[in-house]
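Some structures to go through are shown next.
Both of the next two complexes hold chain A, though its partner changes from chain B to chain C.
Right after this comes the complex of A and B.
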């Protein structure tokens, strides 16, 4: 698998870039919360929108932790299809989060990024984990 | 391939060093662009800028040496090379902490990137010490 020499670091860098982008948003959530609220809002609405964004970000971090765990445990590190899917999805998600940060998108846009960029590779990762660890097969 | 009892090289350490090399390459590229961004946007006294850029290049040298020595020491089961690499982890961690906390203008992005580097160093230090102990437990060449 000559392509693994490129796929493994590419996937790792895509995962890390996505993590860095999510942590950056987590650190300064205020412009995005304000973007999803109307011009006049009550403090409870702000708290609700803030919690919604926090939940979305927390889910992303958990799914990323799942993928990084599977990657470093060796379950999916040398699996080219998963590497390709994961690198593409997380690279695209990082790009989208770059727009999210600079253009100050609201919380609604974040759920789309989460779905396409985090849930899909995490689902395949979970499938691989179940197959390799549960059914004791070497590869899918 | 050597039978497992004679092969003491640590595969996790090797993987960490490999990924650390790629991460450091990205880190230095990104830092170079971030410095251009900071110089254009923020009032940077030239002495501080010279210090920060010089430290960045010094950091690059230390990192390249550390990763190369660690990789070769681990693969060839040489204690001296691996201990040089472990010793270089400390100045590297100091520089990562400098870019995280002490530099003139520390952006959020730089803080997160340097924190990830520190996590790498902690894992490599731990694994490196364990590998060194396993090398010392039997005669190596």
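Right after this comes the complex of A and C.
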């Protein structure tokens, strides 16, 4: 299918860009943790906020790993609707994380980006994995 | 034909049909939402979407109201001062401390634009040879008006205070009458909140002429004027029987006035920002839509129009 020539690299680029953005935030968490805390805070509060962001970022990396796994294994590489959804969601999430980085948003904003940009395409990817591997069907 | 027409493009002459609950219809809805909502989020989250304040430049229309309150300190004692004002009630309260000075003022419109640019104020206080001035407190009252956005009218003052350990003969002051805003002005209408006297000249009570009370009441206002950078020059060595002289030049400079923009100004700036970002999204998602439907990423039924057959073609077909 001619569309795959565009969709596959687009999806790969969007996934990689999202991964790079997440790793960048992972290495420079402090401003975001501070942004989600009041002016004066206890070390425990800092640790809790840091853990919250770490969990959110870890979840994103895990979901990205799931998608990349499905993508490289060939389960969803030649599935245009999934490629379209995944490329759009991860492209949008990358843009949102650009804002997150430059505007120093707090941890709370990350969950929204996670929900729309990672959970949605990962859920459909999981569905595809179940259908293809579990039910032994070639296509959904 | 089942379904509804979801997409067509004039350049490709093909219409794409699918059911209302199909993946293609859902994708179209999603693309529509992604086209119109994110520009709003981008414009809003990058700050400055709603214009909350704005500024303009205007030279105020200032006129000296010929209202003066003057106190010259002549020594360290509690009653050692000389005073005079343009308010008869205040003067009556001073009794033997009242000393009437010779006053000359002139306002000048240097650039002939109909607005005064500076005030020359000269006060000569006659003194006895035994009297020495060590400090001066002076209040000048102005009428201050702004016209460009809202019409703002107020009575304001310039307060000048100078003390020296050495008795003086001459005080030279040169400064600006600057506007001090604690609050944004309106963008339209008439604002006369502070068009009230700085000094209640008709009051017979001494407390109304107390400098502390006058300044306290004045500083309660959200918009005031202040004599900025007065650069006082205190000259000593007064010859006997010569008056103490205050020479003041007060400029009325151009002001940057902060105001609250009106509804249409706010909407205009929000619209400019939204549409300029929306154009990029419209272009990108337009291309995505064409790509999706042309390449049948999501299943639809393409319908190519039956082109009108040209007579030449018909003839050739007939011949063969």
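Everything that follows uses one rule, which is that the second predicted complex is superposed on the first by the 140 of 140 C-alpha atoms of A that agree within 3 Å, B and C clash if a C-alpha of one lies under 4 Å from a C-alpha of the other, contacts with A are read in each partner's own complex, and residues count from 1 in each chain.
Note that contacts are C-beta pairs under 8 Å (C-beta built on N, C-alpha and C of every residue); 3 or more make two chains touch, one makes a residue touch a chain.
Predicted model, so just to flag it, every value in this text is computed and none were measured.
For the composite obtained by overlaying on chain A, chain B and chain C can both be accommodated side by side without a clash.
Contacts of A:9 after superposition: chain B is touched, whereas chain C is not reached. When the two structures are aligned on the shared chain, A:99 is found in touch with chain C, with no touch to chain B.
Contact with chain C, but none with chain B, is seen for A:80 once the two complexes are overlaid on the shared chain.
Of the two partner chains, chain B is the only one touched by A:24; chain C is not. Once the two complexes are overlaid on the shared chain, A:123 sits clear of chain B and of chain C alike.
By the touch criterion defined above, A:47 reaches neither chain B nor chain C.
Using CA centres, the angle subtended at chain A by chain B and chain C is 110 degrees, rounded to a multiple of 10. Superposed on chain A, the gap between chain B and chain C at their nearest CA atoms measures out to 19 angstrom in whole units. The touching residues of chain C, when paired with chain A in their complex, are 23, 27, 30, 34, 38, 42, 45-46, 288, 291-292, 295-298.
Note for the complex: chain A touches chain B at residues 8-9, 12-13, 16, 19-20, 23-24, 27-28, 72, 77. On chain B, the positions that touch chain A within their shared complex are 15, 18-19, 22-23, 26, 108-109, 112-113, 116.
Chain A contributes residues 1-3, 6-7, 80-81, 83-84, 88, 92, 95, 99, 103 to its touches with chain C in the complex.
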